[in-house]
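Heads up, there are several structures right after this.
In the two assemblies presented below, subunit A is common to both, partnered first by subunit B and then by subunit C.
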Partner chain A sequence: MAAVVVLLIALAAIGGLYSAVAPTGQAKADETAQSLTITEGQRLYSVGCASCHGTGGQGTSDGPSLVGVGAAAVDFQVATGRMPAATSQGAQIPKKKNIYSQAEIDQLAAYIASLGTGPSVPTEEQYDPDGADIAKGGELFRTNCAQCHNFTGKGGALTHGKFAPDLEGVDPKHIYEAMQTGPQNMPSFPDTTLSEKNKKDIIAYLDAVNSEDTVEPGGLGLGGLGPVSEGLFAWIFGLGALIAVAVWVAARTAKAKKS
Partner chain B sequence: MSTTKNSDARSSREKAPAGERVADWADGRLGIYSLAKANMRKIFPDHWSFMLGEVCMYSFIIIILTGVYLTLFFHPSMNEVEYHGSYIPLQGQLMSEAFNSTMHISFDVRGGLLIRQIHHWAALIFLAGMFVHMMRVFFTGAFRKPREVNWLFGFLLFVLGMFTGFTGYSLPDDLLSGTGVRFMEGAVLSVPVVGTYLSFFLFGGEFPGGDFVARFYSVHVLLLPGIMLGLMVAHLILVFYHKHTQFAGPGKTNNNVVGMPLLPVYMAKAGGFFFLVFGVIAVISAIATINPIWSMGPYRPDQVSTGAQPDWYMGFSEGLIRVMPGWEINFWGHTLVLGVFIPLMIFPLVLVAIAVYPFIESWVTGDKREHHILDRPRNVPTRTAFGVAWITWYMVLLIGGGNDLWATHFHLSINAITWFVRIAFFVAPVLAFIVTKRICLGLQRRDKDKVLHGRESGIIKRLPHGEFIEVHEPLSQEALHTLTAHEQYEPAMIGATVDENGVERKVKGTEKLRAKLSKSYYGEDSQIPKPTAEEYKEITSGHGHH
Partner chain C sequence: MSSQDIPEKNLPAAQETEHGAVGVADEQNPFADPGLPPHEHRVQDIDEQAAKRSERAVALMFTLSMVATVAFIVSYVAIPHDKAIYVFPIGHLNALNFALGLSLGLALFLIGAGAVHWARTLMSDEELVDERHAISAPPEVKAKVLADFRQGAKESAIGRRKLVRNTMFGALALFPLSGVMLLRDLGPLPGTKLRHTLWSKGKLLVNMNTNEPLRPSDVVVGSLTFAKPEGLEEHDHEFQTEIAKAALMIVRIQPDDIKDKRELEWSHEGIVAYSKICTHVGCPISLYEQQTHHVLCPCHQSTFDLSDGARVIFGPAGHALPQLRIGVNDEGYLEALGDFSEPVGPSFWERG
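Here is the complex of A and B:
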């Protein structure tokens, strides 16, 4: 009997103690959710990424260290399908179909962000092109980006088969993240170099001149690649059509009628 | 005199019809009657390839007409202004007045963009037309006496067209053309000793300065087109004077021209063809963008874009620069930039190589006769092979000029393409020469076979004893004539080295070279002897099959 009483007292004491000191604040609960996200992210990481980037994100001979790259880099690389990369790829890791859900990407990003501080994923108001200065964006684009990506972001060649991709149809968020983190051969443009507003202007410029809704005032854009495609067009469709017309005219000559 | 008498006689009786009176009035003051009489019945032969020159002339006229319209709105000035036109993505940007007025033409002048695009598309087609026209003349041997000077006129028109184009697309002062002008300045700077002075002279000081648009403008709208117009008229006068060449065929000799008269047939045809050319160019200009300066933005020396190429006719110079290793020599604080200077020297060589060919050929053949019958390319294998080698050379350089687009569109390494072009620059023309020559000889053999054995009819006949033969149909007399009309040269030999007195003379080096070249042109390995009448008779008189 005494044992039962002691047990009850002990239970009541611990229960009371727990209710007195148990964490109740909102913040505490969040931390749990955050650590849960990180744990989930770590799980995804060890399945999809660890073989190249190392079990703790420290990097191996097959992939760089991810300590300090930040959530923005993870969101860009995974959401555009560049990561996880194939074990053997060409000169450059191409964009491909993304196999992760946004929730999973967030978990991965949270895990990588927990390894060291880096740029975080931008919020929508940071990259939303509405209300930005398009003309300023164009000027900035021509100064900083056009060398590789062409006047209106149609892409261009780099050395040894590498390339700067076409920027048509790229999510504004990913353009922002690419500028922030500098993936692959691209230099990074942190806020100290290209302010948040500048980035927004550039996104707005691209949205105006290189999106599906862009109106080409002169007709077919011919890829927006400049005189090479224009020259090909002039030879094939211009001179080609004129030679066809010449053959047609020459074939219809005034012939003496046979009597 | 007689016309005056006639009209006097008639006026006493009745009044002449209005048309005749106008013609008479004009003839009395301009003397056009004899001119018209001599030329109205001028005969031109019919062949589609003879209309390539017309394509060039008409596109040149279209360029002049649209160009005049553009000058009404273009401001050749480099004063800096702020953009406030209709195109949103450039609002408030600083730009030169030249760029601003071109934007104005493109977006705010009625029909401006269409006219601009017609002007530019017509320019690309004009140059492409001249290129093909030149190749037609080359491969058919139409450049031979008496037309060598006209060949040079045509060549000059092509080269002047290139530079008129260059000065033209540089006028809007956009980022792409500005990069092209910078490229040109770099080439000028690479000239030893005088390069810097030349550059400062051209640009009125440090690049880009505030002068070059106005200077290019005068050159583009006045100087070069003026010279070109003059050359074109001279070119046409010579075509009239020499009379047009024609392909071999029954009834066509070196002394006649078989075809249709200028009036009414060719006037109607040529007039109609002008509108067809204008129509095709207008349709292209209405559906496809060219030189979208609004996308490129105004020129600023601190900006540059990838994919910065010149228009196609300057593309081979771009290729020369792109594939040339960046060599330079430094001595006593001076730099000789071979990486730019060597391409600058090869640039005219590429052009001159084709221009001087007619003179080399006439020297080798020693033929001083006039030629009005065209060659079929296969019957002159060495010339044809040289022409194809030159085109190959040109094309290789064009690939070099667009190496970045080849890389991105075919997923290749730009370095690999550059190395390909470096090697192909030397190797590809030689290969093209050999292959073309072999193909020509094969075609000559085929012609000979056709003449002697007839055309394959596709009918298989079984003979009583079981043998199968294919029936060959003999060619018509006309076809036989056409296939055997060409003349074949004997290789030139070095003349007697010992005169009648037994004194040996010294054989000059050039003489030996000429004999050697002549042998390579007309030796056994370079032409298939055409079938003779005896051979033909022997084979056709024999009964049965062969």
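Here is the complex of A and C:
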């Protein structure tokens, strides 16, 4: 009996201590609005996500647990249209048209973030490439990213039909979130191993080498694969054109026939 | 150029039919040499005005080639190297490279096109027969050459003055040795270099991105980090040589998901450190899939399972990736507990 009483007192003490010390996260004034957002998010979640990720985000055989993935993961997955996925079958879930408004995504993110702490959505100054070190970004990209996404972020193949997507035209915010959260089979690059500044440099590098107004030094980029694809192109189309010209020259007679 | 617009007086009166025939096929000789077909004239051969037009066309091509070469020089001088232009189907590209490539290509192409047009329209197109003869020399020439050789050998006294002959053979035999000696520069043999890397007991694992030593809390489950041994800096003379052997790939796997007992033992709370060098031909290998824990080599698709001792599950690699045994030092940093237990990178004969 005494043991039970001690246990109860200890539990009460720890609970009290926890509620006193635990981070509140938001100022008191925001609390009502915040919980309203979370409620809205939960409503959206139960319509669009719960069938695979479970009613409380605990995960099922069709989808992983979302506890602790953070708001950044939700913002990335939903805003790029990867979630909600049509099916969990197939090699990997592709990017598609996003059907949620940014406000709805924020509500979903708030709900998921309330399930467990995880990376939050980056602010614009975190991912804005202005003033970042492009050369350093290139070095970091080649060390950490180029093995899958290709030297200039054009994407590449992985095992069993999986692939690393082309990064052209991807919102810098989503690139930042992908590095932070590691969607699907991509490993994550948390701030502890790839600092905020590093991430910004990488985004600036991609903006310089793989955007719509990137200046290609040699004209056609040919997928940025380097000398192999360029050599193949020269052999097939360059030599092909020369052979076609030779055939055309030889097929026309210079003789003056009176017909 | 059709034959319709050639004035009648310029056309040849009639073509000779039996031009050059040397035999007629019949019962005895079914494969008689038919000789050359009758020669047909080109417009330019019979119409001087057409020939003039061809001459002007060839000259125009050569002149345009000159213009293109001048354009090459002018663009080299005049276009700033960082100027960009937009060319419709290709997109934004470097103006200088585009101008240089275009002008150089045109200059060469027009020389070739001019030469081809010249040869086809203006140079003689009469077919000629060139008789072949036996290759071997007549017997009297052969006899004279042999006699000259014998006389030369006699006059040089190579058979009589044996000292000269033998020392000459000696000199000629020894001379190639200097070339053989230079082959030593291919060595020296690597010794034990293939078996050792910079890793040793107590060396900290330094993050390649931040150049800071790693703590276990920095490496979260599902992340991928690259590390180098403490003390190796990028501007070091030996950096490339050393990092080619010492490069590490660090991932964290839930300890329950690690199937290999030794891997778990050599990890720190699920943080495992593997060589980044493929055991097939030594490509840097780091296409890590965090859900399957597979690592794919981009060169020949060797695939390793990092949750099962990095064993090869696909592709030509012959060995599992070597694992580095790691722990945590007193200050809470990740450190190596020794060198790799086996040689990193591709196999070699004496690897064992």
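Throughout what follows, the second predicted complex is superposed on the first by the 216 of 259 C-alpha atoms of A that agree within 3 Å, B and C clash if a C-alpha of one lies under 4 Å from a C-alpha of the other, contacts with A are read in each partner's own complex, and residues count from 1 in each chain.
Simple rule for what comes next: a contact is a pair of C-beta atoms (placed from the backbone, for glycine too) under 8 Å apart; a residue touches a chain by one contact, two chains touch by 3 or more.
The structure presented is a predicted model; accordingly, all values stated were derived computationally and were not measured.
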item	value
Partners on subunit A (subunit B, subunit C) - clash or fit	clash
Which superposed partner A:T143 touches (first subunit B, second subunit C, both, neither)	both
Subunit B versus subunit C as contact partner of A:N198, first or second or both or neither	second
Contacts of A:Q184 with subunit B and subunit C, given as first, second, both or neither	second
Touched partner set for A:A91, first subunit B, second subunit C, both or neither	first
Comparison of subunit B and subunit C by subunit A residues contacted	B
Which of subunit B and subunit C A:V247 touches, first, second, both or neither	first
Touched partner set for A:G116, first subunit B, second subunit C, both or neither	neither
Which of subunit B and subunit C A:G218 touches, first, second, both or neither	both
Subunit B clash site on subunit C (candidates 38-46, 110-118 or 326-334)	110-118
Set intersection of subunit A contacts, subunit C complex versus subunit B complex	143, 147-148, 156, 158-159, 164, 216-220, 249, 254
Complex contact set, residues of subunit A against subunit B	90-91, 134-135, 137-139, 142-143, 146-152, 154-161, 163-164, 205, 208-209, 216-222, 224-235, 237-239, 241-243, 245-247, 249-251, 253-254
Subunit A partner contacts - residues on subunit B that touch it in the complex	46-52, 54-55, 83, 87-93, 106-107, 113, 117, 121, 124-125, 128-129, 132, 175-176, 260, 265, 269, 272-273, 276-277, 280-281, 284, 286-292, 294-297, 300, 302-312, 315, 401-405, 407-408, 411-416
Touching residues (chain side subunit C, partner subunit A) in the complex	1, 3, 6, 11, 40-47, 84, 87, 90-94, 97-98, 101, 116, 120-121, 125, 207-210, 214-215, 217-220, 222-226, 251, 284-292, 294, 296, 298, 301, 303, 314
Interface residues, subunit A side, partner subunit C - complex	140, 143-144, 147-148, 156, 158-159, 162, 164, 182, 184-190, 192-195, 198, 213-220, 249, 254-259
